[in-house]
Amino acid sequence: MQGETTILDGIPKIDVGILGYGFAARAHIAALKRIREVYWPPPALPQCICICGRNEDNVRDAAARYEVKRWYTDWHKMLEDEEIHIFDNCGTNDVHAETCIEAAGKGLHILCEKPMARNSEEAGRMLEAVKASGVKHMCGFNYRFVPAVRLAKELIDRGVIGDIYHFYGRYAVDRAMDPEIPLRWIYLKSRAGSGALGALGSHLIDLIRFLIGEPRSVMAMAKTFIRKRKKVDSDEWGEVDVDDAVSSLMEFENGAIGNFETSRFCSGRKNNQCFEINGSKGSIVFELEKMNRLQVYLKEEKIPHTTGFHDIIVTEKDHPLFKEWWPTGHTLGWDHTFIHEMKHFLDAIVNDKPVEPWGATLVDGYRNAVICDAMLLSAKTGKTVDIHY
Amino acid sequence: MQGETTILDGIPKIDVGILGYGFAARAHIAALKRIREVYWPPPALPQCICICGRNEDNVRDAAARYEVKRWYTDWHKMLEDEEIHIFDNCGTNDVHAETCIEAAGKGLHILCEKPMARNSEEAGRMLEAVKASGVKHMCGFNYRFVPAVRLAKELIDRGVIGDIYHFYGRYAVDRAMDPEIPLRWIYLKSRAGSGALGALGSHLIDLIRFLIGEPRSVMAMAKTFIRKRKKVDSDEWGEVDVDDAVSSLMEFENGAIGNFETSRFCSGRKNNQCFEINGSKGSIVFELEKMNRLQVYLKEEKIPHTTGFHDIIVTEKDHPLFKEWWPTGHTLGWDHTFIHEMKHFLDAIVNDKPVEPWGATLVDGYRNAVICDAMLLSAKTGKTVDIHY
Amino acid sequence: MQGETTILDGIPKIDVGILGYGFAARAHIAALKRIREVYWPPPALPQCICICGRNEDNVRDAAARYEVKRWYTDWHKMLEDEEIHIFDNCGTNDVHAETCIEAAGKGLHILCEKPMARNSEEAGRMLEAVKASGVKHMCGFNYRFVPAVRLAKELIDRGVIGDIYHFYGRYAVDRAMDPEIPLRWIYLKSRAGSGALGALGSHLIDLIRFLIGEPRSVMAMAKTFIRKRKKVDSDEWGEVDVDDAVSSLMEFENGAIGNFETSRFCSGRKNNQCFEINGSKGSIVFELEKMNRLQVYLKEEKIPHTTGFHDIIVTEKDHPLFKEWWPTGHTLGWDHTFIHEMKHFLDAIVNDKPVEPWGATLVDGYRNAVICDAMLLSAKTGKTVDIHY
Amino acid sequence: MQGETTILDGIPKIDVGILGYGFAARAHIAALKRIREVYWPPPALPQCICICGRNEDNVRDAAARYEVKRWYTDWHKMLEDEEIHIFDNCGTNDVHAETCIEAAGKGLHILCEKPMARNSEEAGRMLEAVKASGVKHMCGFNYRFVPAVRLAKELIDRGVIGDIYHFYGRYAVDRAMDPEIPLRWIYLKSRAGSGALGALGSHLIDLIRFLIGEPRSVMAMAKTFIRKRKKVDSDEWGEVDVDDAVSSLMEFENGAIGNFETSRFCSGRKNNQCFEINGSKGSIVFELEKMNRLQVYLKEEKIPHTTGFHDIIVTEKDHPLFKEWWPTGHTLGWDHTFIHEMKHFLDAIVNDKPVEPWGATLVDGYRNAVICDAMLLSAKTGKTVDIHY
């Protein structure tokens, strides 16, 4: 027997317009394409049909590379494209607010990369906009979609580690240590809002809220280790006015205390988002550089004398987010998290399900920004700052 | 500015026909689709345009899921499909030889999954066929395309670890330990050729030859721990006539000795292909379950008192096979190896480059089968068996 | 040939009187006995000749077990013992100040276990006393004498990791999590001074000062997770008025920032004193539970593509504090640190060398207490507290 | 209250004569001294009262250092010393047989370091001698006395890991890689019997027998990587006629298969005795360089989704061999194993208990030698060799 493959019936098509063509956009597009391969049948058949960027040559080239039908250099124009259902914002932090607000106004569902905005005021306006328009919205905290992180969440929710006493988390890299790196937009408050805090720390703050709950107050210190960098393609020096590192203590509503660090000045740390959670019945440890693993300690074991951290390879069919993947032990990579994330968002849109709690919404993005602002305020004043949303 | 994306000029199209729709085929198809995203411009624009499998419902469904234009239930028919340039064999071991020989005869380039054949006699005939037709050929030893493995190869070739004294390798899983697993084809010599040896061990034998060189002789033991399993969908018992585990010693032409293990009965080992190589100047350790890492020990260090295994996260722009990927520290998963492998094969075809040494050819697949046969013979006779190709 | 072993000439004898017979005292006595075996010839031939404790049966039994000539139940009496040269204080925190001050007044050299006192006021008086009498003094921060910690110090001093940006340290155990544990002296401010902070955290604060330098200011949070415990051998409940956990941020005089945690409520952490230091040229990681190892990352390597944390087994003849021990790879245990510490103190006494910087003095013990007090004050006020000695 | 410490009543005194003053003897003497500190009351009060070595200056110096009453340069003379109850043989392999046989003839209990003899013929004669005299005897396989190894044994005996399928073990060091190392006695068959096999591999073979049971047959390869070394204090070259490395496969009476490696040519491996055991219900992993840890995998867990290797820190009060030590998490070092071993032997002597199974006897030492001989024979003949005791 043989045959021609026919068009799929009954699966809705969802078209996406993406702002940006950097590595986040690339990961998003790759994920959209693979949804049908991983989830079959998929909730929807998504396609990135248009892409927007400032540089014409680059955006045209990206469109060809990623098989995107149309390209724009003006995001207003892209938002007028009548085919798109989702506006996926992978642009720099300074084009998050305006674009998302306009897109929400046009009734587009919003997926906005993190940090959602440069500060909580911007984030608040964005949140108002999506609430007003009633669209679905998601903030790009993709690490909620790491199977090991999801397993941590499930174990906590099932009470396996008991009442939580401690959270420690760090998101450390060594990317900014070279003084020769020019004064890119990420080093400017006007464009990025904050430094390591927004770029890296916001991910970790999201995981803290996802796993532990709401912080009541924070105390923080911030540092900028290299204060002068040469402007891009220039011999002139400019000032880095964002943090290279932020450390913070947190007190949680449930009585736990937390310890948070983020830095771009940790030699040898490449993408080191890690956390440890200590509870009354056990503990959990995760390290993004070994993202297919979760360490879990249980005070009580079936077999006496065997207490110790379990090194779980989170690649079993009954592990969260792994069922549709490969045979046991065949590990996932960083970009696979976006397949999980995108599928989740499509499912929420098509089947009118809530994005939360497994995905982060713009509510989460806003609260995240409030916490970041509080940390920077505490670092400035040397005092505890309470969190109010 | 805005525009429509046009067809790419000057990049050749390569069409592929795949036998099988299991997880290997799925990984191959996914890889073919992503080549242009990772390598830009790509050496070719590949497409899987037809797929073949025994079960009509399944193959039709797979074709829809993976966006494959045509499907067949008879592989002879697929090989007559005039559009295809590459025959990609992801079928069971017992349909490797006949199909590849026929495909080679039709002038199709051959990509054959491992183990290349049920034994060296079959493999030898396949090798004759591709030699006779002059097509490009590759055997699916995808672990040559793990960045950390490639880095190991480069370090060895650069003399960094000196003369090699020892190889230790193991490919261990725990997949076959449940006695309730029925007598699937993988447990039958008539269909699989061998057990853990062909399914897992052949990968490791390929890495041994890739990294260390040719073995001169082997001594081996083989075990079948569960000898009876119920036939599939039946109450009748049948006999497992392949190995559950093979252990072997090896002596190499360069004087090194090796120690090889493969088993499906190692509790807790999920996809545990690992190796250690000890040389006169240093050592290398790799573990597939942590595939983004390589451990390297160097006897001489720049800074005194710091000798110790380096835990290298193989995700730098100047690390092999990572240049086209993400920022440092963003890890790859198992399936990404196929993108590297497929791109390599396309490049060899389009630009008439050799597949070896970075890729394995059917020469490697044949020699691999000779070594497997020698191990099983030694296990039977209790004597050293020399390797002759 | 054969012979009788004669008395050693020319090696001074040093006699020690110890307060306490718990595990610290036991470790001290064992260490004193082994000095001659490890260091040959030793700087002195030490002997614990008397021991003092409140409970007559226990102290008599300890004297027999540890081959101590005399025992006392009244420490004033022991200090009158004319044979002793060193007063070694292994008593509870509330008998540190009074005893050490009296002993110093009698011209005895002082070795005082940590924390040196219940607070900085007490510690200050002790420091005054030893300064006034001119005796040698050491505070029992034995982790300075772990070979891997010493190696870390040497690497930092040699500039190997460059300017320091970050310190993270934690001393975590899970010893206090059981609510059935009674209200022992360690849970009472009147006797212990503080909780986890003094018992564990003071060790880490000492390592911070040893490795990084002086902190300029701190911000801290403190928690008591179990506030009520049953009094010892009673049905009555009493209040825990010390911390179960303290977390603190630190700013250092050299511009680095630090992150400090100590807790008795970290499930699965058994004696988990660990730290990470990030500098401009590299990083260092240490974990007490793997005390024979040091992880060191160096930005620049001799062999390209091999950057990664070195896992150094600190058991080479040219590693610090290991020369006198076993062949390479034969690891040390926790109690061996005291042999290094005691020998260092004897050497300082006999050869009139300074105890610092390799050993901690009562100056270090005092400053440590100042920092502990500052952390507790910050936790109470919610404000940054500057450090003034 | 105060008092003088009196002589202990009712605890027998056991006097020991030691042959040798190298690091093994040093570790034995240190252990004998510490028994009363660790085990209270101890089974006996042991003392090393005489020591014997070839070099008069060295042995006299050792006697002074280690507080040994008498020294000899002629072992016959020492064996005539009427005070000694135990002959502790820490001499080179070529003085094991003759001395032990003579000592046994004099009714001395025998503790003989490993390997027990240069070959099984010698070992057999030694075994005959101790059987004939009826003394207690122990072979110095101290790794049976590592708490983690003992825990492994207990878990296996309790059936926790089920039926055993696989053993893998390696004892690797890098001590012999420098070609400048002269032709010491360890490289000469006439003095050492074998190379890495006896010096290191015999330890591992003992653990195999302790943990898994008796091997039925072996297949082995042996290598000498550096065949010529300069004679000690000479310019003349001599031949290394022992192995630098031996690898072996084993089949066990219980159906398991084993894989064994020992080598002095593994760069970066310092004292790397490690093993993995895979059973039907779980697996166990041990590594001597992290001797306070045991990894245990259990197929069935109390909490679903948490299967993974447990990283057990074997320092709990209820862990084997740790009860008498420190608070949880305070790790032991290599030399502490001898305290356990010596106490065990004293207990066997004083209370007439069997040395086996927790300790190894000369029966174990003999069988060990038979297995070593079989491995070397297989390496020579290229054939399987059956084990017959």
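Labels A, B, C and D are assigned to the chains in the order they are written; within every chain, residues are numbered from 1.
We take it that a residue touches a chain if its C-beta (ideal position, glycine included) is under 8 Å from a C-beta of that chain, and two chains touch if they have at least 3 such contacts.
Please read these numbers as outputs of a predicted model, since none were measured by experiment.
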Item to check | Neighbouring chains common to subunit A and subunit D, by label | outcome: B, C
Checklist entry - Is the number of contacting C-beta pairs greater for B-C or for C-D? => result C-D
Item to check | Inter-centroid spacing, subunit C versus subunit A (mean Cα positions, whole Å) | outcome: 43
Checklist entry - How many Å are there between the centre of subunit B and the centre of subunit C, using C-alpha atoms for each centre? => result 54
Checklist entry - In whole angstrom, what separates the CA-based centres of subunit C and subunit D? => result 34
Checklist entry - Got the subunit C residues that touch at least 2 other chains? => result 269, 307-309, 313
Item to check | subunit A partner contacts - residues on subunit B that touch it in the complex | outcome: 1-6, 8, 23, 26-27, 29-30, 33-34, 36-37, 40, 56, 60-61, 63-74, 77-78, 173, 175, 269-272, 289-292, 313, 315, 326-336
Item to check | Residue ranges of subunit A touching subunit C (in the complex, touch as defined) | outcome: 161, 165-166, 168, 170, 172, 177, 217, 219-221, 223, 225, 245, 247-249, 251, 255, 257-259, 261, 263, 265-269, 276, 278-283, 297, 299, 307-309, 382-384
Checklist entry - Can you list the residues on subunit D that touch subunit A in the complex? => result 151, 154-155, 160, 294-296, 298, 300-313, 316, 318-319
